[in-house]
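The two complexes that follow have chain A in common; it is paired with chain B in the first and with chain C in the second.
Right, the complex of A and B next:
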């Protein structure tokens, strides 16, 4: 999985995860509070940090930004196009079966704000996930006193996702190479077989995992050594500065 | 005007088949107020689900591993492609299958975990919209699927019908909930919430009805294969009775 690979190999891997989380979330909140200029600034800022500092290839970053694009386009279009009462307020209008559809300036301004805000918040998320491995995020959650059973389920699920992903990929390749997905009927049959065998494998593996853990004195708790990070004051000052600059320029621009 | 309409229809047709890839509400799309409201709305269900899970894990510690695998299974399922009747591809939500296999309470917690990983690993959905997505995909969908399944079985309907209806209606209601969440956050200028809800429903209905049917068919296939090949596991999960009849 693309994002997971980069989260372990980027140049900001050794930065304390709490710093990265703080930076991403504070900026996210600013995106909600302030308007479009702040959002455009955040989009550029996150791109620069992720690409120049964390050395994620720019091509990869842009490709990732395009993933949520279809949802964004369709939802924004739905919000722009409205049923309207009087045509005088509309920029463009169109009659279909006695109903007038149209675009109003207000609709456009809502949609544009929404478009940039979404992209800005998404780029904050990308900064976080591309620089911080899931294991570190789970470690932070541990410090937030989240119930341990929930965290263990998170850890287990994270590890097993890759196991099952591999298994599913192998089954898919072998089915596909035997024309398993050649026709629609075949595809349904093959996919049904794939899912049910994946379920059986999951079940069997979970039993085996339990036996293996029992044999190693498992008493209901999975213990893992977490990586040792150190806070870097320069980074903390940098985060505070950037947030302050964003807040003050946004307030100034508002006037 | 005609040209403009054609252009819109064309773009919609171009985008519509892809929408299934990202039916989760994306990061940052909902205003902060609604993010928090949906977080609060999902919380009691997740807490109840969590308490049921921890009770059963205490009784049977093996279950923890199984739940871990179930979460991973649901994640991988959502990354597979279903061939759709209309020619486009979509991803199964696994809502119906999960609810039938693991019950609606466990699904609320598993769904939350899966949605979190989808946001962190695949950039589907997001952290701010986690509550809203959990509410539609991990709470409404599974509960509806589960009770439809039980209801049809009780009424004496055949297995395949119960499974099919559970999976496809659960799938559809997930999207109705998503439309509801989008409409209530972005009411139309004229007509307010209702107009906006109809707009979102109109678009999602066109794309989601064929997908819900595909998912229903697939779930029937999977359950049939599971009954044929892994009776014992299903009995242990309380999906099957000892004689091999669906509960």
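Right, the complex of A and C next:
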């Protein structure tokens, strides 16, 4: 919900979604092609653009970046510590029963590369979702000729998440005001009732929604007009320049 | 002209699949260009009847006429009917399917095979009319209840129907919003559109409507012009309906000899004029 709020209120809301998508994906590809220095550069770049240009609060951005952090630490650890056969290549090794666990320089460098690459790719995705509303992303997918059945499902799901979320909030408040969550036992029971009532409600709502659509001449396809965006050549040039700078410095640093 | 009925329900009976009789021989004639209010307790069959008027439900017996012609239930005829008879549903959260206000409003006209640039003009125009132009870039889930209601009305007006049916449009709205919506309705009436709405608010129905139907248990129990229905009709069960406040005050004032005007006041301004 937090990300969704920012996607509508950020300062890059009016930038053409294709530009933002292009920027995010081109940069992401570079993260895969080049090594650690490029990845660090991308992390810093995305932070600057998202926080300084799109005006997403830095605190929020860092908090969001910390979400994948914990998963990342676990996977990095499992890559660093390996079962090894040859003790001489290891920096530290430990014998547990018949198995030798150890840390090798190669393992460390793989882990570090992976660590920064993941963060870099995640920051590209964060840039995209924090600056581009879901509605716009669906629009682009439509232009990319993704099957409309899938997109309509996406569109309805996205809208109904909020309807259901509001309904859940109301039921929760009304249960809570009648001591529904006063004890642990009560809480389990109330939560069960909440979930089952939401299930019934959403089923009924879906039928009502169909009637409402039918009343407006629905014929099996959700035809709508999307917001008009104009390409901004300055932005496009900016994207190309940034990507070129990233590519050329990466190639130079590689030597 | 009395014979200008745009919508007619003749002896309409309808049963839901679980066997409950929702409509039981309903006769309702809607005059063109007039404001019709349908009163009645919850479960009286108002919504069910409305769904018949735009061909969503098909009567078990009896018939529905639009412009004096019986409704045909095939795809092309239904599309034509639904273009001309629009329903604004009670809960905007159910009616609004899109997360974008602009997309939401464009849905109806897009289904009528109108060229895109014309649809865009219509959407812009109706957003100005409903005063929602400043929320056009907002997602629907950011809107207040009143704004959602305005969008759901815009959804229908944009299709330029001849008849607009509203299911309890004033419920949950603040007085300000009610006022705004009413002025939109007035303009639509000036353009020659017909408006039907259901409500529980007798005071509102009394001063707003040209004609009132009262429904109960799937039947029309009373009908007539507001002044007539609330003063003369004997068969009306007052447990289901109370008298409009304005009328009560008028009757008290008359009884006490404070006013001796014989024509019944339609609104508070008229009553004021009587008291010298």
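To be clear about the criterion, the second predicted complex is superposed on the first by the 233 of 255 C-alpha atoms of A that agree within 3 Å, B and C clash if a C-alpha of one lies under 4 Å from a C-alpha of the other, contacts with A are read in each partner's own complex, and residues count from 1 in each chain.
By definition in this document, a residue touches a chain if its C-beta (ideal position, glycine included) is under 8 Å from a C-beta of that chain, and two chains touch if they have at least 3 such contacts.
This structure is a prediction, so every number in the text was calculated from the model and none was measured.
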item: Superposed partners chain B and chain C on chain A - clash or fit; value: fit
item: Which of chain B and chain C A:135 touches, first, second, both or neither; value: second
item: Chain B versus chain C as contact partner of A:158, first or second or both or neither; value: both
item: Which superposed partner A:225 touches (first chain B, second chain C, both, neither); value: second
item: Chain B or chain C, by number of chain A residues touched; value: B
item: Which superposed partner A:8 touches (first chain B, second chain C, both, neither); value: second
item: Which superposed partner A:189 touches (first chain B, second chain C, both, neither); value: first
item: Which of chain B and chain C A:205 touches, first, second, both or neither; value: both
item: Minimum C-alpha spacing, chains overlaid - chain B and chain C, in Å; value: 10
item: Contacts on chain A seen with chain B and repeated with chain C across the two complexes; value: 4, 134, 155-156, 158-159, 163, 205, 209, 213
item: Residues of chain C defined as touching chain A within the complex; value: 51, 54, 56, 75, 79, 82-83, 86-87, 89, 91, 93-100, 102-104, 106-108, 110-112, 116, 119-120, 123, 137-142, 155-156, 159
item: In the complex, chain A residues that touch chain B; value: 1, 3-4, 28-29, 31-33, 64, 67-68, 70-75, 77-79, 81-85, 92, 94, 104, 106-107, 110, 114, 117-122, 125-126, 129, 134, 137, 147, 149-150, 152-161, 163-165, 168, 181, 184, 187-189, 191-196, 198-200, 202-203, 205-207, 209-210, 213, 220
item: Residues of chain B touching chain A in the complex; value: 1, 4-5, 8, 11-12, 15-16, 18-19, 21-29, 31-32, 50, 53-54, 57, 61-62, 64-73, 75-77, 79-80, 82-83, 85, 97, 101, 109-110, 113-114, 116-117, 119-124, 126-128, 182, 186, 188-191, 195-196, 199-200, 203, 217-218, 221-222, 224-226, 229-230, 233
item: Touching residues on chain A, where the partner in the complex is chain C; value: 4, 8, 13, 133-135, 155-156, 158-159, 162-163, 166, 205, 208-209, 211-219, 222-227
